[in-house]
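Report on the structure given below.
Think of it as A, B, C and D in the order they're written, each chain with its own count starting at 1.
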Amino acid sequence: MSEHATLPTGERRGHSRTEDPQRWKSALTSIANNKILVRGYPLDEMMGRLSFADAVYLLLMGELPTPTIGRMLNAVLVASIDHGVTPPSTLAARNVATTGSPLKDCVAAGLLAFGPEHGGDVEACMRFLDQGLTLVRSGRSMREAAVELVDDALKSGHTPPGFGHRFHTRDPRATRLFQMALELELEDEHVRMIRALEQALRPHEEALGKALAANVDGAIAAVCADMGFAYELGNAVYLVSRLPGLIAHAHEERSRQRPMRQIDPKDSDYDGPRERRLPEGRK
Amino acid sequence: MSEHATLPTGERRGHSRTEDPQRWKSALTSIANNKILVRGYPLDEMMGRLSFADAVYLLLMGELPTPTIGRMLNAVLVASIDHGVTPPSTLAARNVATTGSPLKDCVAAGLLAFGPEHGGDVEACMRFLDQGLTLVRSGRSMREAAVELVDDALKSGHTPPGFGHRFHTRDPRATRLFQMALELELEDEHVRMIRALEQALRPHEEALGKALAANVDGAIAAVCADMGFAYELGNAVYLVSRLPGLIAHAHEERSRQRPMRQIDPKDSDYDGPRERRLPEGRK
Amino acid sequence: MSEHATLPTGERRGHSRTEDPQRWKSALTSIANNKILVRGYPLDEMMGRLSFADAVYLLLMGELPTPTIGRMLNAVLVASIDHGVTPPSTLAARNVATTGSPLKDCVAAGLLAFGPEHGGDVEACMRFLDQGLTLVRSGRSMREAAVELVDDALKSGHTPPGFGHRFHTRDPRATRLFQMALELELEDEHVRMIRALEQALRPHEEALGKALAANVDGAIAAVCADMGFAYELGNAVYLVSRLPGLIAHAHEERSRQRPMRQIDPKDSDYDGPRERRLPEGRK
Amino acid sequence: MSEHATLPTGERRGHSRTEDPQRWKSALTSIANNKILVRGYPLDEMMGRLSFADAVYLLLMGELPTPTIGRMLNAVLVASIDHGVTPPSTLAARNVATTGSPLKDCVAAGLLAFGPEHGGDVEACMRFLDQGLTLVRSGRSMREAAVELVDDALKSGHTPPGFGHRFHTRDPRATRLFQMALELELEDEHVRMIRALEQALRPHEEALGKALAANVDGAIAAVCADMGFAYELGNAVYLVSRLPGLIAHAHEERSRQRPMRQIDPKDSDYDGPRERRLPEGRK
């Protein structure tokens, strides 16, 4: 089979699981001539039968999701698909786009802007919720644990990660994710903990002068933690969700604007379609 | 409304379309307090009602897809979700992961590897198919146009973009996409042109010593062109599809391997699940 | 020598040049235990004896520069070290910095913004100058070749690459590079060609309503071409030159500004030292 | 002055320092028509008079270095200019280069690989040295502080950052930097602390089975800390130093290798010039 000379040995052997300890292992995808198995499932069988959200879950977690988990992850992916022209990630992508660079360069720069202060709250909030659940396992009630966590955070001068938003007093994406978790009977301890934290934060909102309802990062964190995602995969889901937004902005920048302009986020207006409703068949 | 002082003017006005010619415009997403409209549709209504593929189409193309186009784009997104350890994009991501860098850095480096020789075939093939269709509009039959294009490409020493694969003699993802296009009645002129090109290439395979069936890039190109995507958005769809694969490899590298190892793509074995079938309910 | 088990074979052999055709080759740097040779020279001997510009030339070109070429390349590296807050590369870096991302992420995003419209003029201008020199080799005088090139460019509606600047009517960095090329007796055919092109452009400035003197990209292109750099290395020199500027802006953003601010390039003032002169000893 | 309509107000005013508190400030570089001032110095005057190392120091630190500090920083920049084909940063850059991507994409991916485990030791070692100096200020001798730090690090199972190297038992670049610090009379408390730490580590080398002399990261950390660099700027100096190496590897990959090859770091040989000495005039 000289035509496959560059295939790794294990792949040449037709997906056999080899045990040579000198060789490094990957459990994701095996490749043989005309056969691609993702976590053991033929990729061409997955096409048309699994949603992209199902396939993402399979690849990241190793097994197929239940149908309700697949629907939940789909909603999580839709939730952060775009947020207009002002996020730093969008501006990084547009600043690369204005120089005539390839689309992939624009979105790579955009992804690099998902730092601790921007999207990174998903991971931070997952850890924060687990701190609360550790208190619960030590004997506190949900409510007591939430009050304790909130008091500690505020005493040290920090807004807890996953709460409050620079534009939204009540983030509609968080509301919808919590509603879906309830309807799909996927509400578990992390969602209950974040709801308890929202309650514990409410009395402080007036003194702090800002709304502190859970934002989309917090909601994604709670939902992904309840679905069993590792911390860094919570952030990763956010990256998958937003990539189409970065692409759309980079493409619009190149299509509608002249090159090498100075991009001022405060200087922009929306000129797309007015508010409209989904057609009935979609509900 | 002092709390929204940082909102662009148009957004403060509650999604009104303003016409100040000094300000730059975006038609993608409008943001107001507690309201996010993607191409006019409330994002929270989209969650749970649209598939991620539907939402990607809406954001990139401006309107909701028909249900069959939504299913087709979903299959396209699943098609390239991963291809094992050997692609340069995967190796770039793993080489960044082995240094302890954040996950977003790994995947940004991975995306940068989707150069003209890797993924870039989607755009190149879309242009190639349009060359063929231009010949058709000038009076040639599909078959004549395909033979002419193939002869020109081979004479100049190039394999046409979107055909042949370093591992697969008959790419199962391309086969499946063409089958779905047929079943969903979405087969249009670009798919017919790529099938004609496959026929025109067949007589040359023996002399060239390699199989030249359409590969997944070619199939995505034909299907996306038939769905009306701009050239650079064909490549973009490929980026969205593969991002979960890059994430999975970066995460696996950090979870299973020691830092700062020398990553040799030829030295790897697959040790995941053996081949298995999708459960009946998924078919 | 089991402790070097991970060293490539050639390196284990103590810098011997091996000829195994199955193995791939690199002619840049050889590594053995406690010995690093860059193009054959011990790196520790280079330290303190070569300027960074000398070392860059050695690494990229394979041999040590003459002292005057070393001084010229040093001036080229200084020329583009920074250009304030408005370039898209700087804004991309600052938009990543405002998210709390690592410094390397900020500068990677900044480098991605050196697209065809921003820095890419170095390579484009090198090619343009070579077009002119091809005309000269076909019998035209420098002046005739320059007029012909300029006429062709303007007829097709393009400003030639390397001329004109959005801020400077007479770019002081270009002036200085040409002066140094003259003083160091390094002025060769590419510099003479760009000066001829400046002359040929002058009569068109009034009609075009803008100054079209050579800018810093053009001057770097001419000087690097005369020093023998490959096209893509001309752009590369620009990347090396500007990296400290990207670092300085990312560091300043993190040090002086709050996270997640909206960065508006038109909203900025300089508050550093007033104009001052280099101390006499530096001249 | 309508032709400068896009200049920030402060720049239009000819470098005047404005005090509008609504506008954000930068103290790096001011731009006016035909005048560029870096930290107050005309950039065209700097060209030919300052070394690139001097200019880097000026831009990052705000003032000109003394001549000896300029020479030291120049040696630091040369020290890490390249380290052959095996570093993950080099492999990331080469994996992007093999896909036909622009040079800037290759080096951006390479820079992203300077994670905590690779180059990040500069910053970690700077912090480690400062821990030691804090002990000294609390009354310990250098030697006592070093022994205490080393014992703590080894007890928790970590090799201290900046010591030991996967290839070198005695890193020649570190040796040379310490020698230069001595000769230039720049040896200050951070260099003395790292030498004390080397002494404190020596008795443990046999038990640990590896050499633990200071490596180039440690030496750069000590020297940069003595020159007054902020922690993150220590890492930044490393990025500037290595960028030419990333460029050289990406350029060599594109020039000498076929596209889309599988890059195996263990499969490579050096085929450049044999060891040679710098010409006498350079010493």
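Definition applied: contacts are C-beta pairs under 8 Å (C-beta built on N, C-alpha and C of every residue); 3 or more make two chains touch, one makes a residue touch a chain.
Since we're looking at a predicted model, the values are computed, not measured.
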| item | value |
| --- | --- |
| Those chains which touch subunit C and also touch subunit B | A, D |
| Target subunit D, source subunit B, minimum contact steps | 1 |
| Fitted rotation between subunit A and its twin subunit C in degrees, CA, nearest 5 | 180 |
| Pair with more cross-chain C-beta pairs in contact, given A-B and A-D | A-B |
| Chain copies touching (subunit C, subunit D) - same or different residues, decided at half shared | same |
| Length of the line joining the C-alpha centres of subunit A and subunit C, rounded to whole Å | 39 |
| Between subunit A and subunit B, centroid-to-centroid distance (C-alpha), Å | 20 |
| Distance from the mean Cα position of subunit D to that of subunit A, given in whole angstrom | 34 |
| Where subunit A touches two or more other chains, by residue | 6, 86, 101-102, 104-105, 108-109, 112, 114-115, 166, 262-267 |
| Category of the chain touch graph - line, ring, star, complete, other | complete |
| Of subunit C, residues touching subunit D in the complex | 4, 6-11, 15, 17-18, 20, 22-53, 55-56, 59-60, 62, 64, 71, 74-75, 77-79, 81-86, 103-105, 107-109, 111-112, 114-115, 166-173, 175-177, 180, 210, 230, 232-233, 235-236, 239-240, 243-245, 247-249, 251-252, 254, 256-257, 261, 263-279, 282-283 |
| Touch list for subunit D against partner subunit A, complex | 6, 101-102, 104-105, 108, 112, 262 |
| Partner subunit A, residues of subunit C touching it in the complex | 86, 88-89, 91-92, 95-96, 98-102, 105-106, 108-109, 112-120, 166, 259-260, 262-267 |
